[in-house]
Amino acid sequence: MAGNSFGELFRVTTFGESHGKAMGCVIDGCPAGLEISLDDIKKELERRRPGAKHGSRDEEDLPEILSGVYEGKTLGSPIAIIVRNLNQKSEDYNELKDIYRPGHADYTWEAKYGFRDARGGGRSSGRETLCRVAAGAVAKKFLSLHGITVTSSVDAPLNIDELKNEKDSAGGLVFCRITGMKNAVGLGEPVFDKLDARLSSAIMSIGACKGIEFGAGFAAAAMKGSQNNDEPACSGEYKTNNCGGILGGISTGQDIIFKAAFKPTPSIEKIQKAYTRDGSIKEISIKGRHDVCIVPRAAIVAEAMTALVIADYLLLCRCSKI
Amino acid sequence: MAGNSFGELFRVTTFGESHGKAMGCVIDGCPAGLEISLDDIKKELERRRPGAKHGSRDEEDLPEILSGVYEGKTLGSPIAIIVRNLNQKSEDYNELKDIYRPGHADYTWEAKYGFRDARGGGRSSGRETLCRVAAGAVAKKFLSLHGITVTSSVDAPLNIDELKNEKDSAGGLVFCRITGMKNAVGLGEPVFDKLDARLSSAIMSIGACKGIEFGAGFAAAAMKGSQNNDEPACSGEYKTNNCGGILGGISTGQDIIFKAAFKPTPSIEKIQKAYTRDGSIKEISIKGRHDVCIVPRAAIVAEAMTALVIADYLLLCRCSKI
Amino acid sequence: MAGNSFGELFRVTTFGESHGKAMGCVIDGCPAGLEISLDDIKKELERRRPGAKHGSRDEEDLPEILSGVYEGKTLGSPIAIIVRNLNQKSEDYNELKDIYRPGHADYTWEAKYGFRDARGGGRSSGRETLCRVAAGAVAKKFLSLHGITVTSSVDAPLNIDELKNEKDSAGGLVFCRITGMKNAVGLGEPVFDKLDARLSSAIMSIGACKGIEFGAGFAAAAMKGSQNNDEPACSGEYKTNNCGGILGGISTGQDIIFKAAFKPTPSIEKIQKAYTRDGSIKEISIKGRHDVCIVPRAAIVAEAMTALVIADYLLLCRCSKI
Amino acid sequence: MAGNSFGELFRVTTFGESHGKAMGCVIDGCPAGLEISLDDIKKELERRRPGAKHGSRDEEDLPEILSGVYEGKTLGSPIAIIVRNLNQKSEDYNELKDIYRPGHADYTWEAKYGFRDARGGGRSSGRETLCRVAAGAVAKKFLSLHGITVTSSVDAPLNIDELKNEKDSAGGLVFCRITGMKNAVGLGEPVFDKLDARLSSAIMSIGACKGIEFGAGFAAAAMKGSQNNDEPACSGEYKTNNCGGILGGISTGQDIIFKAAFKPTPSIEKIQKAYTRDGSIKEISIKGRHDVCIVPRAAIVAEAMTALVIADYLLLCRCSKI
């Protein structure tokens, strides 16, 4: 399988190219009896939706649940959700079909598969992430039964309006926090599937993510042990959360906190140099409809991926003891 | 399965508690015909071995290959390697068995499994990583057939001798580089199993790792698109490597470069407060034999994990095209 | 994951309830560059389609390819195919919603999941198999590149017309043969994933299958070693094929042959006793539109599952040697 | 991974060649807190042990538990068990190294991997099954907590003493029964991972197994629906068990019953023809120490595999409902 599935027990498989017929996901392993409605999914998709303010493709994403839900509850069978692609402008990409856009998967995809769908990035488009958000909406409903919530905030250090005028783009940071973990101490498998290892994989698999750190993160590399170890306060609380809510790969009950770095949108109208298929270098200006800064939308995707990990580990944890 | 296996096609399973009978690994899926000797494994284990200079448990790790190698070559069957634990001092841990050591998995393990092996961290000990290094030695041999090399360097910003006197510990950074990737353009699966996602999971699964970044990493969050996109030089080369050798989750042929942050050793002789099983707080001094700074050894483990990922993805990549 | 995926590298995930909105499959891991058309899929679906002659639900299954195919060739990304459910008569099932139909998954599903979709068997309906056939059509195209063909024949020992008059049903046998294996000696993994083990799992996962045997099969239990061992003829050929084309779980190059037993359709109009949800016993007559004998259709499904296994193992086999 | 692991949550990986240093298994995912002793494992290994009465290699198998058990209970970490190979007579195989023994994996292994360990079948030896039995012993302990028992019986239709005199061998049947399933209604996943599908894979993966059937099995192919459907008796009981305790791939609470066919031992002293590596045909007599009939030992292995499947599905079933 070529990496389009995520999770062990609460497992999502996604499909769809940016300018194909539809995007979609199949969730296998969602426990039966969970109340879920189309609105639960729409609400999360709306949060991710590109808006005029981002200067990007403004397409209403109308999800359809094809299976797995009956009389408002999950059946235990796979939940398939699709969203039709309605607002493609594939002709935008005609002039790019022989060019390897800088910062994109164009060259690497072709090297791997021999040819590619050049319309809007195909499978490597950011549009792929809407399926993650749809699946994450189901995971969030499952987490809500356990009193667990995933939230995010964003820091984009550059001035976005200025960059828009410069026809350039900006990166930024996503901060993620999982609360309610007191109800879920013990999540995470001790060796290769540590909770932070899986979360790292989940977040780094979002296009444009270039780094992730938990708790004190990179700062811990310059700390002494006596500083970095979280000191007990009382009643099981700690004075700090340098560990980020995870010790030995297993959740401690504290909030889980991590920070992820996203690079600037590689598609810019500003003129830049690019390789072409024949190996020459050409100056290009990428028109299309692109976010100046994808970070606000990446944050919603990061929440979804986080929810998927926690849902999966909640199930795995049911099997730790006899 | 509880997370003691890593990889899809080149897959390693590890076992062993710090103070149990033996540590070991089983590699399933190593292609047949690879030349491998005990020395190949010993050499890597020796690099990871704690030395007097680190102030840690000085135990010679003597690997034994139990299966999978015949007349100096891999058979295609599982390669099992064990290392006996010879130099345990379990009595060191008697006084810690009711205490949850700060920065360790003691409390989380107990919450998850109901009880624990308190001798030296049990399965959560850093000793677990020797199995990764043994398996990584086999992966490195496979990579060498493709001209691919994994190297690392270390930066520990604090003065280690001073910290030793203070009975404290230090964290640090590991820099990792994969060369020879020109021979392996196209590694990585485009969505959830992006090459950087899998590498993140691999490295974050090493105990004490708190963050990872690729190429420009966190700095990319403050860059413009026109700065961050790597500009073509000529002959397929680029002026920078901000992408870290990976675009869209797939290797570009450039060196792959990443940096990981490791927290200071949580076991320190310096007095610190800790929770006990009954919920009270107690002052403790952890004696035992602990590295002031584990980062030099973590670097060897990071190399091994990296080699395992690349070996796995080299095999997966054989199936991308008809 | 709850068992709706099949295969390691050529991996299919299916979804859909009999009376839900749609059935579908997602194939992840199909190599890029394979020519595939909607007709390839329609042709196989048509072979499986229930006909008036079987007395069953006569619904034209119109597949739609949502992703993964571009300009007539597979992209390397997931291939999603859906078929809308158009001809449901859910009201047929109203009177059955508190009854556990004999020979069906009604009681077991409820015990497992707490409630069920009683319309036409829901996820446990035979309609689920159309997704296998759609995916199998893609696998068959891949096999055709290797000169490998999967064929089947059927033996239904009872007189079907008589049984129809009796409002009863009949079982039967499916014979399957894989030719062209000379091009694919060495398929199968030696221990748990033997080729015959995986094929058994594939075929036994078809509803109503109750047994499978390879080559001499059950007859081998009454043979002497000197009889059962296939005797060399010349030029690598054998006088018999008692082994069924597989030795030690690995293909020999001979045709692979197996036989599977299918029980009679459990839904019969003839009056029979059944448990109700409250534990009482009631006499029922199941109306609906049911095949007197599902075996002709099961054969097409068996071909599809076989093709999926061989496609998967062809890919796995690319990784056996350095 | 090349097929040396079995199971999803209760997952065993095995290793070892017949004439290598050791055989072994690693069980990952056994829940913590299960009481297990070396005697539990020895007892099952003793049942499988070849005896003088079978005329086969009489080697005492002394298991050693290397990890995962602490103070008599499972820790939740991987349980590694090894058995040293002590009684090899590798020289027995010298004259066979260029010959492809009829009914063995010699030719297929070489075709797959390029070369082989010719000593006693290497990885394809029946000795591999001792690791299954060791792992199965742990699974059986877990099943005993749920009141579930796996038993077997054997039918070898030919006269074994006669065959021994003829230097020939015999096949036979294994009957397996799982009792106590009333405590475990609902095991099995509805589509590809049906309980009977997984059991088929488990049993067919035992070398020499050529067929399997559940409940009425092949006889069901000649039955009418009204005969084959199990008729309710009262109190949830049924008058027959044609379904073999499984409907729609999910356990009903009845005993699970299946029958498996094993071919005669392919290694016989009686003269037979065989291909050699250069393609010629030679007459051979296989000396060595071989069972006239492996079926009594295969039955113990079948029990072990069955126990592994049920243990795995008991864990999976914990995740069916919210």
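Each chain carries a letter (A, B, C and D) given by its place in the written order, and its residues are counted from 1.
In this section, contacts are C-beta pairs under 8 Å (C-beta built on N, C-alpha and C of every residue); 3 or more make two chains touch, one makes a residue touch a chain.
Computed from a predicted structure; not experimentally measured.
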Which chain maximises the distance between its CA centroid and that of chain B?
C
Taking each chain's centre as the mean of its CA atoms, chain A sits from chain D at a distance in Å of 43
Taking each chain's mean CA coordinate, chain B and chain D are separated, in whole Å, by 36
Quick one: chain C and chain D, Cα centre-to-centre, how many Å?
25
Note the residues in chain C that touch 2 or more other chains, in rising order.
2-5, 9, 14, 29, 32-33, 76-77, 112-114, 123, 190, 319-321
For the protein chains shown, what form does their contact graph take: line, ring, star, complete or other?
complete
Inside the complex, what are the residues of chain D that reach chain A?
9, 29, 31-34, 74, 76-77, 142, 145, 190, 315, 318-322
Where on chain A is chain C touching in the complex?
1-5, 7-9, 11, 13-17, 20-24, 26, 28-29, 32-33, 64-68, 70, 73, 75-80, 82, 112-117, 122-123
Complex contacts: residues of chain A adjacent to chain B
2-6, 14, 102-105, 107-109, 111-114, 123-124, 128, 155, 157-158, 163, 166, 168-173, 185-194, 196-198, 200-205, 207, 209-232, 234-236, 242-244, 246-253, 261-268, 270, 272-275, 279, 281, 316-317, 319-321
